[in-house]
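In what comes next, chain A is part of two complexes: it sits with chain B in the first one and with chain C in the second one.
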Partner chain A sequence: MSERISTASRPRALFDLYRTQARMAVARESQYRMRNVMSLIGFLTEPVVYLAVWTAVAQAKGGSVGGYTPGTLAAYFIAWTLVRNMNVVFTPYGFEWRIRSGEMSGQLLRPAHPIHYDLAYFAGWKVVWFTMWLPIAAALVLLFRPELHPEPVEIAVFAVAIWGAYLVRSLFQWLIGLITFFTTRVAALFEVYIVAELMLSGRLVPMALMPSWVQTVAGYLPFKWTFGFPIEALVGQLGTRTLLTGLGTQLLWIGIGSSLLALTWRAAVRRYSAVGN
Partner chain B sequence: MGELAVHVAHLRRIFKVPEREAGLRESVRSLFHRRYREVRAVDGISFDIEPGEVVGFLGPNGAGKTTTLKMLSGLLHPTDGEVRVLGETPARRRREYLRRMSLVMGNRNQLQWDIPAADSFELNRAIYQVPWPEFRRTRDELVELLDLGDLVTKPVRNLSLGERMKVELAAALLHRPAVLFLDEPTLGLDITMQKRIRTFIAEYNVRHSASVLLTSHYMADVEALCQRVIIIDRGRILFDGDLATLATSLAAYKELDVTLAGSGADLSGYGEVRSRDGDRVTLRVPKAQTPLVTARLLADHTVLDLTVEDPPIEDVIELLFAAARPPA
Partner chain C sequence: MRTLRLIALHLRVVAMYEMQYRVNFFLQLFQSLLATGTGLVVLALVYGQVDELNGWSRPELLVVLGVFTVLGGLVQAVIKPNVVQFMEEVADGTLDYVLAKPVDAQLLVSIRAVRFWQAVDILVGAIVMSVGAAQLRPGPGLLAVLGFLAALGFAAVIVYCFLLLLATTAFWFVRVDTFVESFDGIYQAGRWPVGIYPSWLRIGLTAVVPVGFAVTVPAQALTGQLSWPTLAGAAALAGTLAIVTRVCWRLGLRHYSGASS
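Up next, the complex of A and B:
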């Protein structure tokens, strides 16, 4: 047994775990095609409403608002749908269920941090989502005629930033979820998180349309780096320096989130009372 | 004998539980002034388990069995005392430790519900970093021992309770744990399936010299698997020793199973009549008087058959609990 542990390097073992769990997610989620399609359609409601409202505002203001035309707004909110899919992570509500059902106990008995299962599972799920999103995105493009002319560097940064966004959002929602180890109820705090995210991330509206002080505050918080930044990387005119700084800031938030998680995890596991089964 | 598989000394776990009376008034009051009660789920227990030993861990509901198993596996931090399993402190939850133990709870499903168990097996391979050749060998061995056949290729949700338990056990053993904690592994299973699981646990213990700590409400499990039992009640150990000697040392009586030629004889003068089925009567007799009563029965009646036995182990344990709990 000890030989097994010493010969398998940790990164390789983690890669094996991620690959296997992601494959399992694809197998499992492929069975629920209709549920996934319905969720995707549900996700469309939110950006379509925002798009309709801001297009009307832009047209009322002579064709643009805060530098966004109806065409660039369409591009923003169509990219939004992909970023939203990428941002689907394990929520604190799931933690409550996981603890009550005893599933968390099972995860704690395994020799790997439970966040790896979630990161790997939701990453695998995204393959299924992405396949289903493509025709929906094509329909949206035909319907709303977005203005989108990204440079190769913008596409490359976008491709990295959506995974960065996924990691930042996963880490912070996991942090909130860990509160269930102390209280077993966390829904109220999660609601506060969602409201802050709506206002400060570029989810409700492009950050350029927010008052400048809100933009300043948002720059110091993680939310913008999970929504606004990846979208603007693709549809905006950020410039290479800003794009790379953005990726660096995502990396910084991943570091902050991981450190906070590691600290909280220790205390949380000590407090874990293994209620349920 | 080398290092102990399990060493527990003065182990204690106290839960602080909020409590309030029923009703709206009490609900409102609890918003401002919350009352707590301390529950000593495990209250200073000590025991050791040798490598390869199979030990039954018995007690009524709420006795502290599962809490103890959760501390031994590293799920719960002890309030006080010492726990060492395979030389490790479980609460530290070191990967090296978690790779060498398994906790199986009969009422909990750790397999992915919607996909075949074979996929969950493979995930466990990745989690426990079992090399492929070893994984295939162990999986095939478990499939054979548990007679799983094509069960592993069906989605778990389509399996019966007993089938699921077998598959669950296989998943928990793919990494060949050196210590196995089993919490009610046969709960809710029919007799045939219970027997199959028992045989498997015994076989696994022999093949891999694994130490097993088993809780069960079915005495048949304990009698079939464990030479030694630890009996716990209200967080304290009442008995730790050989199962065979439990009855002889604790029961103050024997049970006489008598079959007479011709029914209707009143045997209440010989001892307490426990049951009567036609000509067959079961008597409970004080241990010291057993030879005398037996001789009298043989002299006074035409006896077709007579057996003298210790009382069922369930009754002995009941006696133990009764002695430990003074009447209210």
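Up next, the complex of A and C:
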């Protein structure tokens, strides 16, 4: 019986799962408005620091650095704040907790792959965050006076690319999280991931300001499709062709991430031993 | 004297406890080096573009990074664990046991929880600072070093008082852990001299959340950019904060109504 349901109406069931889980996230997170606003404000130090530093560098160089003026840098790092919100996904630390508390055991019994619950929940959460981000963005625009003149196609690609970024980052952080099935602890590895992301994604600094060999290396890795690409789609002058190729590359990394995840998942579940109570 | 003996005793207990988990030293060292390495790469990127940032040369910013790391290590190893434990105890009422002891409660809540291995940051930061200071031309004189040590002391007092002041609000609002958590984020702004920020933010990082001020002043002392009025200002801020914190602590204790559950 259950076999029949899960194969015959799978896409429909999955769609319902996503819809319900996302709606639950919206309902639940709307309760903690103050906490959510505080975390969004907590995210602001990082880009404001980067922006201040590179604006100072641009001014010291006579008005621009690597093609960025203080105005376009402001646009870059304000778009950054939205992309950062989109990039909040279930972290490997959460995996540590799930494994150590034994919560994972319950999740393994559910009918769909556990990643669907996370993807749907965090996607719903984004809706809450987006509405809270709007006034924050307005304040940033007033304070930093960004120069931003996006074309309709750039806005459209940006709107798609931030979801692509969300999926790529979710998949790769889930992959790292799966390491906890083998080791229970993951902090050190995750910190290496974050440093790689800082350097190779455009999170720390627009990729154009990096040495060219770093840009070449970054081209072969998934990181820049989670930060640099969506931001530059909106802020930069990429041209329609580069924009579409970029979306295609995001799709490619989603494919690679999912395949790696599927393979690792099988080994990891076999290895799983519930720790905790 | 009794205070010092009490501190030494607590440190010994913490050390004995943490010596059981020696691998944590290497994990902490690894994380410390990773964070410092990232900081160094950013400095390299910036100074690949310019020779001077807002009047700060590369070795001078190395000193800033060092002070930032040392002070951050102090926060993570000593100040924050204590403050967090105190807030939890206010929330669940176990602060009663602290108050029942025959020593000053503020002293006791400030020395109990120390995360020993986090102190690795202090070591790594001191090394970065020394490397930066060694590259300074002309090198820092005796007066500069003395000024630096004084300023570092004031900075420690400022940060400690600020965090404890935040935590003391727990006497009234009970759940204030997010305040202290958001301090970690804001502290990152101390990585750079406070002068590079736009004026509204500079004022915020000096007067509202004085982390920018706390990190920049010792670095200025070591790099010979410090004027005596600024050092006096730091001393005054540290003194005022210490008094305000003490007064708020007393008021809070009077407000504390004891075990809740």
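Criterion: the second predicted complex is superposed on the first by the 270 of 277 C-alpha atoms of A that agree within 3 Å, B and C clash if a C-alpha of one lies under 4 Å from a C-alpha of the other, contacts with A are read in each partner's own complex, and residues count from 1 in each chain.
Going forward, contacts are C-beta pairs under 8 Å (C-beta built on N, C-alpha and C of every residue); 3 or more make two chains touch, one makes a residue touch a chain.
Note that the structure is predicted; figures quoted are calculated from it, not measured.
Look at A:Ala267: by the touch rule set out above, it reaches neither chain B nor chain C. With both structures placed on the common chain, the touch criterion links A:Lys61 to chain C but leaves chain B unconnected. Contacts of A:Thr20 after superposition: chain B is touched, whereas chain C is not reached.
When the two structures are aligned on the shared chain, A:Pro111 is found in touch with chain B, with no touch to chain C. In the superposition on chain A, contact is made by A:Arg28 with chain B only, not with chain C. In the superposition on chain A, A:Met199 makes contact with chain C only, while chain B stays out of contact range.
Comparing which residues of chain A touch chain B with which touch chain C, the overlap is empty. Residues 35, 38, 41-46, 48-49, 52-53, 56-57, 60-61, 65-66, 143, 187-188, 191-192, 195, 198-199, 204-205, 209-211 of chain A touch chain C in their complex. Across the interface of their complex, chain B is touched by residues 1-2, 4-5, 8, 13, 16-17, 19-21, 24, 27-28, 31-32, 102-103, 105-106, 108-112, 269-270, 272-274, 277 of chain A. The part of chain B that touches chain A in the complex is made up of residues 15, 70, 73-77, 93, 95-96, 98-100, 102-103, 105, 107-108, 110, 112, 114-115, 119-120, 122-123, 125-131, 134, 176, 178.
Looking at the complex, you find that chain C touches chain A at residues 27, 30-31, 34, 37-38, 41-42, 45-46, 48-50, 52-54, 178, 181-182, 185-186, 188-189, 191-192, 196-198, 200-201.
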